[in-house]
């Protein structure tokens, strides 16, 4: 059977121009076109935006690995086995110098939500034969990408009609808070946030402490930006005294999907699919968040699928074999002939 | 120069009889007697209670290690070098099936604070030639023992006149909270708290996850006992739903030295020595707690010594070389002749 | 400045057809063409074969990572900075079910050396505007790819005129031997080699023990194949008794670059560049091997460059920034205009 | 039931006086006396010498741990349950600055075998009511202590009539050799052996690399001393060039129990008990050595017991619950009345 193919879009963002983090406005966005795209040159297809996790960007979904197929290889195989309908996959690049943007707007990073929703979606719809209605457009991702998928689905039901969230950031008290004092130690040792960032950039090998700290810095940049603060970022603990800052933490919690849920219940209720899963040994305890999220969905009578699997957080791309077929079905994608 | 010697006291506690955890009321308490004790058979000496950390009991302070001398060897060397005055060291056993008692009373573990203050101190004063006034009695410990030292000094200024706290549990939001969701995962996997405890007891080798979980279980037993709950213990997260329990956590915070401090300012002010230190790479972030504690002491005008050293949490017994001489001086111990 | 581009060659090997390991004869081989290739449509260029390490295949050299550029991005940057001459980079796929082939022939894996030398080189020379003489063709690689580069340069001086070896497998007594008893334990636990391989293939997450064992199995497949043995592989220790097999180990040693060197001194002496380096904290102790190799080169009066850097074995692709310019110069590649 | 008690012998060795490593000739040797010793003041008892592992000395067998009883507590419990006959346990101190002596003579450490056999055994027989014949004297140990037990039993069948070896050092090619190049790296980085030792002594916290290196240095001191070399020690690899030294390694192999066995078959055949066991996940692969040793015993028709258990190398003192009763029986120890 014919394979799909990947187009590499080079997109120059207007909204990311002059972003505070100094990241490039020109982004590389791979687009997977299913086998039928070339075979039937006038047919239109559903599309799904696949959001990578922290420290990732769209291109990395195509990274080759002998035991963990690239997204295009995976999708080709799913379609060839007739397990998944044919749809277009778009792989945005919302990477920042902090390792990511959580796919939301922030004065410290840039307007990544605006970029995704306001720029990239229309661009893709213009360039490719997509089915342009929200019923045929989905969003899916893992980890920070799962967060981005869920939050953007909540806030943009006019754009997305189905969502799948793998091991997504939720219940911030569980998944982030424990690392804050540890990140604080690293930042203090470096002599402050700016000094820490410079040292991080200069390091050839990033240690696990480096990556843990980067995560807290990045989440601060996304959830508690403050143009008046160093690097435009408020940390949840005072880097000088070490004291916890309840008011900063509250800003984080305001963006926790668990707390956003009620306000966006109607949006979620309108989805053809709300899918979430998590490994029961997730190192960031995200399985607890997923359960609590599913409990709330249940309490609100919102249809959803919640799955668990016996694994941790890393290298679980095989879960796309479960979610992509569901998403394709929800978006009305046809199985190959 | 003559060495001191160690007496092994076997003490039958009344207050620990029938304790909820089922631990033995008979305890083994080593007592170090300095060289002068035998040399001058009528002389009386200051005494210090040395509280071991989590999973420890008094006897373990005497454990031999070629690169980390036992407490008696360490004290002998300090006295021989005339760096430390001669005093009696008492090594209580407040161990429980949960790994420790934090040296406080709890319906889930037992009345360890009562045991220490009401039973052991009078017993030692009867059996040995101590100087019985609080000016000549101190308390010192590391980690959970540092917690026990600080809290018992705060609450019993009539008993203790000086305190030293190494890497003591403080700022519970930093040192414990991050492990709660992880412990929850382990407990759920085991099928609940009782099942987890049975499995733990049966394991020949305890993993790092086991010890992390035991710590959270033990702290729950000490800070949030609840006779109506399984094992008589409320966890800070609901073992069924995984949801955080603010009201349980509040009970923990009520026993955080950082929050107890103001109420007990007068007691601390009355101490001849308030000493605390912590390694700046403490794996439980206790250096942040120590700094915040010292800040509060400073704000309240309470004299104290706060030191930091470049190390982590484990194997820092060498810090006793700093604190024991200070404590001896504060308690009026004389250098050997 | 214009960027180079990557062509993806799909090559159907004749010599790999029906290989014993059951791996596909059709291989995906990316080929990097420098900016000048399109700019000057008749010009011919030197070529270098870039051999990936264990568990890798050519495509993986192009994997994206924000802090570790893909090989094409790296080469584009080197050329743009005029640090490196323009040459074609070929990225062979010599992967096997065992994780690799060491780029040599083996009855247990396949004729990968024949594939590389006899099939791929002529194919590339036919398809692209290469400079076909050995003076303009080099071979370079890291780890197992460094081994493959050095061994193929030694054995095929008619094909390659320059070689660069990063952290290459050498002094097998140091780099492999210590893992043999550990691999043995894993294989025995699984119930033998075939059972171990099946279990390995079935595992979603490969542990560090899995990868360590795979390495020993793969090296056995490459260095001590035996059609009469299970899986066609002799291990250096008897999987039944656990006893060391000197005669098998001798077969390994016969393929140690350190022992091949003398025999192939003339080939190495004919190279325009013999470059090798290694991190001084290499986890497989390969820095010792590199030093011993350089000592022998020195003793034989063979010109070479031997460098060391302060790092371990993993994520050291930045060393290509040092070696590619040297290799390009040795192969007569011109800097961009 | 009455407990046994521990006497602390302070023994001044003649043979260790002026030892090359500069270690003290005065040694602290705990002696466990079973309950019957005091109950029946004229009765004589079998004795067993319990040899601790690397980095240990006799006192450490008495270290307290809530989940791993001290040797005296363990023995008391075994006797109380009438599982083990009453015997005297002697805990020699053959520690050196290198972490141990392997209980053999070496010009680099001292005459520890002579100390044990020629000094300590007679001293104990004089001081305590032992049964002085070899039929009533055994030797037992774990890891390096298991090595010491087996080797001393082989060489001194006139002294010992039974032996038990837990996870003992055997098949040196498996248990030590893999660490030699890694230790070499550490020693070279420090600037040579003497510099490494000084740096080691000065370190408050010893890393896992430190302990791995110390092990290789210590084994070199025990197996390949050379008064003409730095520190009086030949390493199996040249610290300057990094080259393997076959002739040094041969000296190690000459002291491998697997190779000593044949020569001492008669001694082993004369033992009332030859017991050996090992965990099947031993991190130093000692289970392979134990199996090969048992195979040779079998081939030579030497009666023995070889057991395996599902565990690693550390914290397996619970195996004494299996071996001590067997050893007591072999030595003719009576169960308590």
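Each chain gets a letter, A, B, C and D, in the order it is written, and its residues are counted from 1.
The rule we apply is simple: contacts are C-beta pairs under 8 Å (C-beta built on N, C-alpha and C of every residue); 3 or more make two chains touch, one makes a residue touch a chain.
Here the structure is a predicted model, which is why all the values come from computation and not from measurement.
A.B. asks: Among the chains, which is located farthest from chain A on the basis of C-alpha centroids?
C.D. replies: D
A.B. asks: Would you mind pulling out the distance in Å between where the CA atoms of chain A average out and where those of chain D do?
C.D. replies: 57
A.B. asks: For chain C versus chain D, what separation do you get between their C-alpha means, in angstrom?
C.D. replies: 45
A.B. asks: According to the definition of touch, which chains form touching pairs?
C.D. replies: A-B, A-C, B-D, C-D
A.B. asks: Would you tell me which residues of chain C are touching chain A in their complex?
C.D. replies: 55, 57, 59-60, 62-67, 95, 99, 204-206, 311-312, 315, 318
A.B. asks: Which residues of chain B touch chain A in the complex?
C.D. replies: Going through chain B, the ones touching chain A are 171, 173-175, 177-182, 184-185, 189, 237, 241-244, 280-281, 285, 287-288, 291-292, 295.
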